[in-house]
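You will see two complexes here that share chain A, one where it goes with chain B and one where it goes with chain C.
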Partner chain A sequence: MQHGKYRFIVGFLVFPLALYALFVVWPFIQSIYYSFTDWTGLSPDFTMVGFDNYTRMLDDDTFWSSLQHSLTFALLLPVVVLGLALFFAFMLNVGGRGRKGAAISGVRGSSFYKIVYFFPQVLSIAIVALLFQFAYNPNSGAINSALSAVGLDSVKPEWLGDPKLALWCVMAVLVWSTTGFFVVLFSAGMASIPKDFYEAALLDGASRFTTFFRITLPLLWDTVQSGWVYMGILALGAESFAVVQIMTVGPGGPADSTNVLTLLVYQKAFRDGQAAYATTIGVALLLVTLAFAAVVMRLGRRERLEF
Partner chain B sequence: MGSTSAQNSEGLGRRDVIKRSAAIGLITVPTMSFLASCASSDSGSDKKVEKGKATEKNPLGVNASAPLDFVLFDGGFGTEYATDAVKGYEKAFPDAKVKFTPTQKIQSELQPRFNGGTPPDLIDNSGAEQMDMGVLAGKKQLADLTPLMDAPSFDDPAKKVRDTLRPGVLEMGQLDGDPVWIMYYAYTVYGVWYSQTALDKLDAQYPEDWDAMLALCAKAKKKGIAGWTYAGKYPYYIPFSLYPFIGKIGGREVLDAIDNLEPNAWKHPAVKSAFEAYFELYKKGYILQGTPGLDHIQSQTAWTEGKALFIPNGSWVENEAAKTTPKDFQMKVAAPSSLDSSDKLPFGALWASGGEPFIVPANAKNPDGGMEQLRIMLSEESSKNFTSKVKSLSSFNGGTDGLSLSTALQAGVDALAKAGANVLNPRLQDWYVELQKQKIGVGVLGELMAGRMTPAEAVKKCQEFADATAKDSSIKHYKHQ
Partner chain C sequence: MKTTETPPPADTPPPADAVRTRPAVTKTAAPPDKESKTGGVLNVFSHGVLVIWAFLVAMPLLWAVMTSFKDDKSIFTSPWSLPDTLHFENWSRAWTQAHMSDYFLNTVLVVAGSLAGTLLLGSMAAYVLARFEFPGNRFIYYLFIGGMSFPIILALVPLFYVMNNMGLLNTIHGLILVYIAYSLPFTVFFLTSFFRTLPTSVAEAAIIDGASHTRTFFQVMLPMAKPGLISVGIFNFLGQWNQYLLPTVLNTDPDNKVLSQGLVQLAVSQGYKGDWSGLFAGLVMAMLPVLAAYIIFQRQVVAGLTAGALK
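Our next item is the complex of A and B:
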């Protein structure tokens, strides 16, 4: 089998790689090329302008605040979402008190919760954003109505209208809509961990806390790492664009407090007729993404446990 | 049990492959690649259709058998007014085939066609996906509409089309110099919108000066009604009453200086007075609670429900809010109230300008057909049809006789009559979209009205943003003629 192994693999990969080169790598090279032009996106003529777009980008306050928000998303969202998802998945699969002779089981009603957690995944992100936009309506939205129903009439935050809260409101929506998927993913991962490990741990008197950190997490590490990468893609890419574009003031406001790089690319290309500058920001986004991938891959490298 | 583990002696395991491909997959994230595929094809290689013979009935010399490609923004005005006009074209040229395409995605659908050099013959370039007209004109993508303007009008051959238009429409279509690039078909009256019924309940008339405005707001507040609301999520609706207010206080030159991005234009005392007056509405609690978090529809709904008296808006609001408007609402529009007796312009000065910009691309196959279609739309009959179907005025001056107008439309006609020559037309929103919407709208006015910025800071910020735009060489700059 060793003999000709690579030829064998290459044989399978040629076609997908060719497609990939044509539809992904080639547009990337083109984008980098366009970032050195003054292409408007509205007519086919343009000239080379050297590094003008790049110097302009470095002076652009909106770019820096967008970068900051995108980085916040990329760093914070995976931690929160994966943390929550791990907790829920653990409680659903392992965290319950033993009953009916089964040593390991989830909390009461876990099969019901599993389905409920998955609900948000069924809704398109655009719908989710719209729903939350109604919920955040400071005048008659669900959240403020609930607040006044419990007697907190004086507390009426403006949510998306308040620059201090808006980014967190957006983030909360992303957490709400993505956690369920990872609960299901991690549940599947946990189901493949042999039960005897847990039984042995319980016999030794391990608490739920210890079981989680000593058994579940290490054996689930590969899945968590893939989840991390996937979540980073969501946070830097399309998902964050959709919620910010649909929900926020402006969009991107108030006062640039929620703008993200993907939205900025869109605005520059399609609102301001500055496609070349948009591709420049796209190149910056590419660098951020590559850096993110490199960090995750490096930090995540651990010795794999075989079982 | 458990996962299939890689047998280490054999090298490349399944998980390695998956992991590595995941790593490669990561670089697909930036969504810029879609941009790149559409440039760099050659332009304008297509031949135009042959010109027809110019006659009295066909002054533009349209080729009677050439097809016409018409793309319309399908928005608040719907498509019926245009399909009716297309019927007029088909009647005039029975051999011509008209391809009529209504869409909301103007830019997504047309950008590739512009880049490919095969744009349609007539476009209603409107809506959220409006293409930047300054860029289009600057890149020589638009046809000069002067032949249309100089052609005899549809109804009266002795009168040129340019003489049948409402004030300011033609100038709006010029960006710099004489060529007319854009024909604005709808005519929008901006101002302070209110319900006569709501005012009647408070025994009040529309307040013609600011003290009366504050007194009325105070009276309303006692009854639990807010004075004002606005589209808090899109604070660039505030200028619809604020800019003419500034112009009224300081004169037309102040607005012109702002549009021209002149140094210290925003530092004119009129700007600060206007900002302070609006800020007072916030300070005294006359703004509907939660307004900064409402979008345009939500704020309009709160207004039609009677939670607030006044809202800065444009004449499309009648159609847009129709579903939530009570029958006895009596929607009306008025010019901004006077600040005090030292105002440069009398009460009545207001903002009115063209909407629904129609363009004919330079590389269109049948540009004459596109212009002829516009000429037909600017007939009295088409204009009347437009006004009665979509409850908006058109750029055709007149065309309301014999129509029974709604209170809102009638108020618009009356307001225009009262304004007379004092129709203001600030251009920031079509010249510098980013400056107007993102910087001044969301960045300053939204913050000011939410009480997070003082008028003095707001003036300073506006000036900073305007200066930055003036300095930015990647933006095309315009001046009032």
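Our next item is the complex of A and C:
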């Protein structure tokens, strides 16, 4: 029996684990090693160079501006997205006109809103980015023509062409595409909070807005926190890569005003033939991601409320 | 009254995107003095805000559908006007000349292969990790889970050369293997906790009746785990269907492109070909099946995508 058990365990684990080790774990270990070499990626030869890549990185202006943009995304996006999502979810669940004597009720048609809000979540971020690239087009894009239509002909920003605006344009697209998911997520969480809590609070004279901060938010905190970490990892990683790479000029421009760490790694490795330096920036990105997750988990630690 | 000073919840510094929703918020945000009226005013206010966001979400999508039926000239001269006639030829041009049919086929092949592989390998690993005690169990579990929070791009630089050496670069089967490997962390995480919730008595009964562990897994446990498999399957389906970063780095052969990168490729090349209407038709073509599937399987999709975050 024991013998059969171990054979079974090994038999079931060997394929998933081998695949995972070969394509995920091993490359991660390799890239940390490569960050101490002068490997170009074009030829198999390289030598160890110690911390040269790291000192070079600290003197690299593009690295610092990319880091700054990535950090802006990681810090601001979760706040904006989760804030909007909590607000909409609260409106969906509490904004109703107290039918049938219930103290608190959802708005009419809340399931319709949830269906529509969730649309961007099922679309590829590449499609979303392409769509908005057109909308932002300064001459024939949907946004500027809408501005003309309402008589704002003089205000026609260059959007993605303006170094001051481009980063915010990209961020707006990320807000657009991720908010709906969290509305639905928080809405499900809010629906599971017992109605008596609200009824008791309202009877005691609390306003609906007070109930949000005193009842809803504390009971939803675990979900908010994991959403925060999830959103930050997205903003630092694959999601920001797609929007910046597809939408911006350069990509990463104009004048490096939108470059993010993920894109910089990609460019250094596959455009400039500096694979070792690319992995160095990747290691920096890894450290930023881990630090972000640790800080959010630490700051967000609250007593867990059971209900 | 104290309550009037409480700011509305999401009144954080305005995001660039919400600029248009902002005026509506500030105008109607003032809570009324009389508590009895709060319900009504709040109701109007919440409907107002909710409608604005619904509009902001739906507008770009409707605009894309509309644009895909227009000719190139009117796309540029009047982006908001309705199409003069429905130019269905945009769609057929996109399907054939712009290779949308090839991109669809490649995507279907890759996603079919990787989804089946992910579910099979993921459930095997998760079952063993959830139900059997052995040295190294926790280590392997956290090795899988760790993959969820690491930036993928860091691994992609060496992975590109690993794949190149193995002859897997720019091949469909290579891409399938990579998709499976990168989907495993979440799948294992999700299914491990799912297998833990299943009762042990049925599996024990099967073992006592003489079934092998392997047979117990495939004939008893997998059917019981169906709801979990559906959730995680939907999650992985959407993630793999919409994947952009992995194919962009590892799959650069024009013949093997998947939908997302094919569309980007199309957008770049339309820059000088000037077939914008064809590109919009391609975009909408890629968008509609997923949206349609979502509307039909709405409940399952939402459950599948939010299941992981609620754990």
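Operating definition for what follows: the second predicted complex is superposed on the first by the 279 of 307 C-alpha atoms of A that agree within 3 Å, B and C clash if a C-alpha of one lies under 4 Å from a C-alpha of the other, contacts with A are read in each partner's own complex, and residues count from 1 in each chain.
Keep this in mind: a contact is a pair of C-beta atoms (placed from the backbone, for glycine too) under 8 Å apart; a residue touches a chain by one contact, two chains touch by 3 or more.
Remember, it's a predicted structure, so these values are computed and weren't measured experimentally.
Colleague: For A:Phe212, is the partner it touches chain B (first), chain C (second), both, or none of the two (neither)?
Modeller: Once the two structures are laid over each other on A, A:Phe212 reaches chain C alone.
Colleague: Identify which of chain B and chain C touches the larger number of residues of chain A.
Modeller: Counting residues of chain A touched by each partner, the higher count goes to C.
Colleague: Examine A:Ser226 and indicate which partner it touches, taking first as chain B and second as chain C; both and neither are also allowed.
Modeller: After superposition on chain A, A:Ser226 lies in contact with both partners, chain B and chain C.
Colleague: Tell me the contact category for A:Tyr54 with respect to chain B and chain C: first, second, both or neither.
Modeller: In the superposition, A:Tyr54 touches no partner, neither chain B nor chain C.
Colleague: Which partner does A:Phe197 contact after superposing on A: first (chain B), second (chain C), both, neither?
Modeller: neither
Colleague: Given the touch rule stated above, what does A:Gly282 touch, chain B (first), chain C (second), both, or neither?
Modeller: It touches chain B and chain C both.
Colleague: Based on the superposed arrangement, let me know which partner A:Pro27 touches: chain B (first), chain C (second), both, or neither?
Modeller: Both partners, chain B and chain C.
Colleague: Starting from the residues of chain A touching chain B, keep only those that also touch chain C in the other complex, and list them.
Modeller: Overlap of chain B and chain C footprints on chain A: residues 5, 9, 20, 23-24, 27-28, 30-31, 34, 41, 133, 139, 226, 229, 233, 236-238, 241, 262, 265-266, 269-270, 275, 278-279, 282-283, 285-286, 289-290, 293.
Colleague: Please name which positions on chain A make contact with chain B in the complex.
Modeller: Spelled out, the residues of chain A in touch with chain B are 1-2, 5, 9, 20, 23-24, 27-28, 30-31, 34, 38-46, 52, 56, 62, 133, 136-139, 144, 156, 158-163, 192-194, 222, 226, 229, 232-233, 236-238, 241, 248-250, 252-256, 262, 265-267, 269-275, 277-279, 281-283, 285-286, 289-290, 292-293, 297, 304, 306-307.
Colleague: Show which residues of chain B lie in contact with chain A when the two form their complex.
Modeller: It comes out as residues 1-3, 5, 10-12, 15, 18-19, 22-37, 39-43, 107, 111, 114-117, 129, 131-132, 134-136, 138-141, 232-235, 288-295, 298, 302, 307, 433-434, 437-438, 441-443, 446-447, 450, 452, 474.
Colleague: Residues of chain C touching chain A in their complex?
Modeller: 2-3, 6-10, 12, 15-18, 31, 35, 38-40, 42-43, 45-47, 49-50, 53-54, 56-58, 60-61, 63-64, 67, 75-80, 121-122, 124-125, 127-128, 132, 134, 140, 143-144, 147, 149-162, 177-178, 180-182, 184-185, 188, 212-214, 217, 238, 241-245, 248-249, 259-261, 263-264, 267, 279-280, 283, 286-287, 290-291, 293-295, 298, 301-302, 305-306, 309-310
Colleague: What part of chain A is in contact with chain C in the complex they form?
Modeller: Listed in rising order, the residues are 4-6, 8-9, 11-13, 15-17, 19-20, 22-28, 30-31, 34, 41, 76, 79-80, 83-84, 86-88, 90-92, 94-98, 107-108, 113-127, 130-135, 139-142, 145-146, 149, 168-169, 171-173, 175-176, 179-181, 184-185, 188-189, 205, 207-210, 212-213, 223, 226-227, 229-230, 233, 236-238, 241-242, 245-246, 262, 265-266, 269-270, 275, 278-279, 282-283, 285-286, 289-290, 293.
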